[in-house]
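Comments concern the structure below.
Chain nomenclature is as follows: A, B and C, assigned in order of appearance, with residue numbering initiated at 1 for each chain independently.
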Amino acid sequence: MKNENIIQYIYGIADNALILGQRLSELCGHGPSLETDIALTNMALDLLGQTRSYYQYAAQLSGDGKTEDDIAFLRIERQYKNVLLVEQPNRHFGYVIARQFFYDVFHLFLLQELQHSKDEILSAIAKKAIKEVSYHQRFSSDWIKRLGDGTKESHQKIQEAVDDLWGFTDELFHMTEDDLLAFNSGIGVDLSKIKDAYYQKIKEVLEEATITPPETKWFQKGGKQGIHSEHMGYLLADLQYMQRTYPNMKW
Amino acid sequence: MSEKEIKNLEEIFEQRIARDEKIEPKDWMPEKYRKTHIRQISQHAHSEIVGMLPEGNWITRAPSLRRKVALLAKVQDEAGHGLYLYSACETLGISREELYEQLHTGKAKYSSIFNYPTITWADMGAIGWLVDGAAIINQVPLCSTSYGPYARAMIRVCKEESFHQRQGYEIMITLANGTPEQKAMAQDALNRWWWPSLMMLGPTDAESVHTEQSMKWKLKRKTNDELRQQFIDQTVPQADLIGLTIPDPDLKWNEKTGHYDFGEINWDEFWQVVKGHGPCNKERLSARVNAWENGQWVRDAAMTYAQKQEDKKLKKAI
Amino acid sequence: MKNNWPLWEVFVRSKNGLEHRHFGSLHAADAEMALENARDVYTRRNEGVSIWVVESKHITASNPENNGELFEPAQDKVYRHPTFYSLPDEVKHM
């Protein structure tokens, strides 16, 4: 497998961590309680830490002097390979939790497979991240239950978020060409293998939370091909602002 | 209790503090001691959480991943510090919700420096270097203040805070050694944050109403003017070292006193900002109020859920 | 008054072999959340290997007004301390 394909494979995982980390960091200082604020920031820090490990490795593979920051800040929108789910905005706390939960469950299954990668560095990153993400999943599952089985208002709000974000879950399992190449060379994960377990886990938690899983069979896709939602441009405008306004400087 | 008995208790109380004994929550204390502590500790806590906002403004736009995680961790620490301080305050018999209420209605104050806008990345450097620098000067003596829970919270705060100022200064060094644009950005930030940082150490001693009593209770170990002088003396060489100019034409070293002389502070501006007319007072307060109000349904949900789980457990037990 | 999250006290064991020590307090709706919050608030810098949380209202504290009768009687029981007993100089450790 060529380095360029491995790099693309890494983007497919790491961009999710970057964009979700970015979304979570928007909330710092605005959480529903100080304790929750601190918890959400911890998750953002975990995700951004993972992002750095992946990008540093990708930069090294590229062998052209690129840095983690070039990768994070200087690609055009179409070159970001994150799924649509993670770029969805923080409409309210219910959306934050539902988005997190849908991603965490996937993320943990993914890492549990990725730790067996033939690529030692990816395997090491995955092993370290598993501990962090296990906690994320515990945190978001607990909150799904609290909101779902809380008050009438919270139930309605989290149900709304689950309904709206459900349509983005299927894309998590799409295999891009780079995903296939990575899987076939023992580096990447076969996403179809974790799909059933994913929906089973999701449904278990939703059921406990008295939330009804949506019936919809129509799913959104595009992020993995770099075709994003309208939200993405604004997110990148923030993310890239400094690097775009002041090119080629050290910070 | 008779007036004489109270007088007697007060005397014993003051002697304990003079002997450097700590006062703990359940100990008898004069009402004024309790009130003053609630005011100061909560003001301090409010400053931490309002202080998250100007820096939070740059988390999503930080120029590198390294800077982003460092800034995020720093702002998160401020939430933690707010939390430690609210907890210390709660030991005096007031709830966090009541304290928030005081903040949200404008009854309680917070450090007025957070009412200035953060308009460039260099402001993250200037705040860390100057604002945290001034805060540390204020806070270190509080680690040995008389009220136990406050002193313990401050020890934790100071331990964690030590990276904040370094982070800020490192940002400034990088900018000062960078391109002309970056250096100009750093100088501009210093120009805008210098005077508010001096004001942050409080009104001059002549104007300060709480100093004498606060000294006695070790809520203050040095006067505002002494602290300000200490801050200037330590900061000027740091600016020199990185080639930035303090925006004060009257600033000069005084051989005789062994301190820097400095120019007139615009106290009129200070009082205007304290009274709510700073550039960002409204935004800061409404950000806090919104976070709290928009979080109400979340907090309610968690309580209702907890209650339901508790009921389920009870039913099972029967 | 709205139904606010109650206060919890947090105790952290910083490493095995040491006792849990009171670290501070926080608000949480239930025990599970209190544990998670304690982890996020009080062990961000690797401060702990074990956490206890207890709702503050369940702690019974002695009253400082009774300190005289509670603690002063122990002050003159010097015979409870090894230094009360004299040893010949030849015995170096006991």
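One rule holds for everything that comes next: a residue touches a chain if its C-beta (ideal position, glycine included) is under 8 Å from a C-beta of that chain, and two chains touch if they have at least 3 such contacts.
These are the chains along with the protein names UniProt gives them: C = 1,2-phenylacetyl-CoA epoxidase subunit B.
It should be emphasised that the depicted structure is a prediction, and the values quoted were computed from it without experimental measurement.
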{"item": "Most centrally placed chain, judged by C-alpha centres", "value": "B"}
{"item": "Chain of greatest Cα-centre distance to subunit B", "value": "A"}
{"item": "Distance between the centres, which are taken as Cα means, of subunit B and subunit A, whole angstrom", "value": "35"}
{"item": "Mean-CA-position distance for subunit C and subunit A (Å)", "value": "41"}
{"item": "Between subunit B and subunit C, centroid-to-centroid distance (C-alpha), Å", "value": "28"}
{"item": "For subunit B, residues contacting two or more additional chains", "value": "76, 80, 83, 296, 299-300, 302-306"}
{"item": "Per-residue overlap in subunit C, given as positions that touch at least 2 other chains", "value": "5, 26-27, 29, 33, 41, 44"}
{"item": "Junction residues of subunit A, two or more chains touched", "value": "33-36, 38, 42, 146"}
{"item": "Touching residues on subunit A, where the partner in the complex is subunit B", "value": "22, 25-26, 28-38, 41-42, 44-45, 48-49, 51-52, 55, 68-69, 72-73, 92-93, 145-147, 149-151, 153-154, 157, 238-239, 241-243, 246, 249-251"}
{"item": "Residues of subunit C that touch subunit B when the two form their complex", "value": "1-5, 7, 24-27, 29-30, 33, 41, 44-45, 61, 63-65"}
{"item": "Complex interface listing, subunit B residues touching subunit C", "value": "24, 26-28, 76-77, 80, 83-84, 87, 90, 95-97, 152-153, 156, 160, 296, 299-300, 302-306, 309-310"}
{"item": "Residues of subunit C that touch subunit A when the two form their complex", "value": "5, 26-29, 32-33, 36-37, 40-41, 44"}
{"item": "Sites on subunit A touched by subunit C in the complex", "value": "33-36, 38-39, 42, 138-139, 142, 146"}
